[in-house]
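First chain A sits with chain B, and in the next complex the same chain sits with chain C.
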Partner chain A sequence: MLMRYRFEIGCVVALLACFLITQVELNRFYYFAGFAILQYVLISTAWNILGGYGGYINFGTAGFLGLGTYVAIAMIQFYGAGIIEQIIVAGALAGLLGLGIGYITLRLKGVYFAIATLAIAIVLETFVNNWDYVGGAAGVSILPPRTPELLGITIVDRKGGGIFYNNKEFLFFLMGALAIMSVWIARTVEFGKLGRGLNAIKDNEEAAECMGVPTLKLKLIATVISGSLMGVAGAVFPSYLTFVDPPTAFNLEFAVNSLAMPMIGGTFTWIGPVVGSILLGTVQQVAIVTISSEINLLIIGLLLVIFVTIAPHGIVGWFMKKNK
Partner chain B sequence: MSRILKFRVSTMLLGVLFAAAFTLTTAFSPSAQAKPIKVGFSMALTGALAGGGKQALEAMKIWRDDINSKGGMIGRQVELVYYDDQTNPKNVPGIYAKLLDVDKVDFIVSGYGTNLIAPAMPVAIDRDVVFMGLFGMNNNKKWKYDKYFQILPAGPDPAVGFSYNWFEALKTFKPKTIALLSADAEFARNLKEGAVKNAKNMGLKIVYNENYPPKTADFTPIVRAVNAKKPDVFYIASYPNGSAGLVRALAEVGTKAKAVGGGMVGLQFSGLMAGLGPNLNGILNYDFYVPEPTMALYPGATELIAKYQNKVKTEGLKTDALGYYLVPWAYAYLDVLGQAVNAVGKIDHEAIAKYIHATEFTSVVGKIKFTPLGEWSETRTIVVQYQNIKNNDLQQFARPGTRKIMYPLDIKTGTPQTYNSLR
Partner chain C sequence: MEFLELLINALIAGILLGGFFAALSIGLSICFGLLDAVNIAHPTLIVGAAFCTFLLNDLLGIDPIVAGLILTPVFFLLGMGIYSLYYQFFERQSAEALRGLAFFFGLLFIAEVVMIMIFGVDHRLVNAPYIGESFTAIVTGMTFSIPYRLLAAFVIAGLMTLGISYYLNSSYFGRATSAVHQDMMALSLMGADPVMIKRIAFALGLATCGLAGALMIIVIPIEPAVGRFFIGNVFAIVVLGGLGSIPGTLVGALILGIAESLVSTFFGPSWAPAVSFGILLGVLAFKPTGLFGTGDTR
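Showing the complex of A and B:
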């Protein structure tokens, strides 16, 4: 019985672990680094739903993420929205963008689709650059509340009866919960009708269509889910950074990482992006404060070349092959 | 006792003696008595602002060596702990958390530039520590943090103060109309907004007011569009790449505007000055320090820059060869902190912040007094005109006469001439 629900139990344990980590009051640097790694778990898992299962390489990650970020900023500017509201609205709008963009671009394939998605980020960045309400090209500083409330309950400010000691601990836990949610969604997609359909599309789209797989519908659903999760990842960004400008929110680094992490971990299963993002995310965080230069992008490039050459199915694929 | 055993015993005794000597020397050395004071920061050592960041870092190292040779801060040696932020604001909060929590630095100071100061502000505020900024514009406007102080001599309202002197300098041309152009980016847009206020205060009619995308490569259509409006003066707020592109476009297309320039960032960098050479003649631009004889009002700045230039040469550093633009200021923001800590006599951020607010400091950039928001109490931006540039030799910019000071009047070394008269 327990074995049947081991994934769900694993999710609950991971969530509890995230919560317990916030209660031991580590150096705050570890919460910062942990947040960045968990954010990549969420982003790369989201990317993998369309890119890994469906074989449609999406270079527009920064566009969806940036949209989520700027929806959150607009809501804060407009009426000081709470973080949960920001996440819900950003996720919904990014999902809608996914639907619209998907409808236009999913007729394209291969490199043409990749170029079309790359254009999304550029178009949105140009739009935000000229939208002064959210700071425009100048960027915007966000003042996070000292004692944030969630559904009327003070969650930060332990001295005042809150659950978390400071905002960074809370954001770490929140990102952990969102990352776990994304993994759960990805696994549900993978083992469901949608995942099987996407796999068929990846292998041979024409054959899948002939066999009665509703290819456009499935690809659109995958784009909506993927885009929505990326938007959710972006919505938490302003609260974490407290200063956002368009080059940061629409940074191409997000597109590179969201593609490289599943590639290195393994794109055919839900655990691949998790392994890839934890591994690469940790290496990047360590590189920033040790090697301390843009060399972390070089590390990603080198790892990508090595894995594509030696282990084309990623770390998970390599282990599975060895255990056969 | 065999010979081998004797050898082993004597080796062991020698080892013990060395260990004892080492322990004794380290235990009684000054550094063992007092741990060094750590100053932590992120710096743009790669990425778009690396040119400035590397220059600033070398100046900060010179300050560290200077203060350590004088006994350090409150009798303790000073150590710099820094990481490359890659000119990416995303990396900044994590770096400052690492500096404060893992490296346990005693003080934090900012990296170079407004966008990299902004994400560090919440960390400093959260920890309630003194935070010195380097070339930040209006970073504290929203926060109103009482322990923030920054080094950019643009006065209490930096956006307006930055271009105030430029408008004063061009009064000699008696202009009636103005065109304004800025890069579509944070710092440049702030500059232009300030310039618009100054232009209105002066009664100028704005005939052109546009932004250009930061990645623009060809500026000739923009210059032609400005020329079509026939402005008397042309104010430009641009970043290094745009500045270089605009200078070249102006040289190619030409303009009848009497004064051109104002807030062109990058024209102060050695590489760009040498590269643009005679194309710079006639440009009227802001600056902070130039090798003109009247700049002696900054005590020690000339010696500091000479020291920096020598360091770059002897150590073969790949950074700005002249260092006029940033070196004195990067030195000064640490110097102010050092003076304040030594005056207070202990690491008490509350007391140090109060001291900085109450004190007028003298450093290599002259006298410094801060407003309640940590900005400079008076603007000290100078206006220079590029003149007599004959070729692309870098050394000509190290001598007086190529960037003459037009304003403030008390240190002026020349009179503004029309752009075309110097071409």
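Showing the complex of A and C:
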């Protein structure tokens, strides 16, 4: 009985762990680094739903993420929306973006989708640069509410009345919850009809089509799920950073990481991106502090090329081979 | 009258810009269109060549165009190397084509970071007598001006792209490249070595980066990340022209150049990056084979 639900139990344990971490007052840096790593768990899991299961590469992570970020900013500017509303609307719009791009390019060869997504971050950045309402090219500062509430419960209160002591701890917990949710979604997709269909598409699309797999429909569903999860990851960003400008929101680093982490962890199962992002995310946080952020980026690029060429099944694939 | 003056100036600039774009995208047209190697690192390698041009010009005082000619064989050899790797790990194992994409993406990223580490993020320029001056003509009260830097880039780009398309159309090697594109198996049955032909053709595609890089630093000031902004342009051009068609690429480059110039003139230059993406999506949605393409897109 317990074995059957061990994944669900693991999720609950992980969520509790995230909550407990926020209750012990650690050095601020650990929450900062932890937030970044959890965000990468969410992003790379989202990427893997289309890229890993379906074999369609999305280079536009930064675009989806930046869209989520700027939707959240626009909503804050417009009527001071709460974080949950920001997340829902950003996720919905990023999903729509995925649907639009997918509808045009997913009928063609996989490279066309990849190329279209490659350009999307640049175009969205162009629009934001020209849109002064959300700060334009100069960027925008966001002031998070002092005592945010959720369903009538005070979440953050420095005087000790809320659940969390400060906003960063709350956002850390929120990101943890979103990351766990995304892993749960990815696992559900993987073992469901959608995942099997995507796998068939990855192996041989023509054969899958002939066997009656509705290829375009499955690819579109996967793109929408993947895109909206990326938008969700972006929506939390403005509250967390409190200052956002287009180069931060549309950073190419997101695209590289979201591709490299699943590839290094292993793309064929849900645990691959989790392993890849925790491992690589931790290495990055250490490298940024101890060496330099350029060397850190160089390490990711080199690891990506090495894993793609020599170990296409990633770390998880490597272990599975050993067990056989 | 003022509108007409603006329009004609924008058209002239657009045609010149189109020539420059042709130089940027002809190499990709060979790699992507003829060899199915989707080299997304192409614009970034061009920026690499532009930085080499900057060094040659800054340290040795070599004219940028001459520097570009010197760099061409270097990039030819680099192309041989990259293709050998690509073939070894992806094509020979007939791996999923998309893994090759991830490889080129990693290459793009590594090249960009290395350039940032060496040169920093400052904008760099070169010195040459034709940079900074403009040819100005006054016809029936309207002033037309042509910057010499664009003119120089247009002339060199035109010579290079026309030369390559003539060579690919008429030489034995060019026909062999088309044959690889059409039916690799049949070619190897004829006794030719398709891998060797592909390696040379890929290297030829990369060799164009040398001269294109020199033209890039003549036309605009460069910094390491500038390559990214041309990814949309070069792919829009190659797809618009039609995969596998070199003349199509030249036409596509002119169309995009004129479109970008018109948008920059009438809506402001900050909107220019959206043009290429709009064209790319439009072509993919309505005519994925492009203007002169023959291949299938599924």
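Things to note:
One rule holds for everything that comes next: the second predicted complex is superposed on the first by the 318 of 324 C-alpha atoms of A that agree within 3 Å, B and C clash if a C-alpha of one lies under 4 Å from a C-alpha of the other, contacts with A are read in each partner's own complex, and residues count from 1 in each chain.
Methods note: contacts are C-beta pairs under 8 Å (C-beta built on N, C-alpha and C of every residue); 3 or more make two chains touch, one makes a residue touch a chain.
As the structure is a prediction and not an experimental result, all values here were calculated from the model.
By the touch criterion defined above, A:288 lies against chain B but remains apart from chain C after alignment on the C-alpha atoms of chain A.
Shared-chain residue A:11: touches no atom of chain B or chain C. When both complexes are overlaid on chain A, the residue A:27 reaches chain B alone and has no touch with chain C. In the superposition on chain A, no contact is made by A:92 with either chain B or chain C. Once the two complexes are overlaid on the shared chain, A:141 sits against chain B while remaining clear of chain C. When both complexes are overlaid on chain A, the residue A:279 reaches neither chain B nor chain C. When both complexes are overlaid on chain A, the residue A:130 reaches chain B and chain C alike. Contact comparison for chain A: of chain B and chain C, C touches the greater number of residues. Common to the chain B-facing and chain C-facing surfaces of chain A are residues 126, 129-130, 294. Every residue of chain A that touches chain B in the complex is listed here, in rising order: 27-29, 31-33, 36, 126, 129-130, 136-139, 141, 143-144, 166, 168, 240-245, 248, 251, 285, 288-289, 292-294. The part of chain A that touches chain C in the complex is made up of residues 55-57, 59, 101, 104-105, 107-112, 114-116, 118-120, 122-123, 125-127, 129-130, 202, 252, 255-256, 259-260, 263, 294-295, 297-298, 300-302, 304-305, 308-310, 312.
Chain contact summary for the complex, chain B toward chain A: residues 45-47, 83-84, 86, 88-91, 93-95, 97-98, 100-102, 115, 118-119, 121-122, 126, 142-143, 184-186, 189-190, 211, 213-214.
Interface residues of chain C facing chain A in the complex, by the touch rule stated above, are 38, 40, 85, 89-90, 95-99, 101-103, 105-107, 109-110, 112-114, 116-117, 225, 228-229, 231-232, 235-236, 239, 268, 270-271, 273-274, 276-277, 280-281, 284-285, 288, 297-298.
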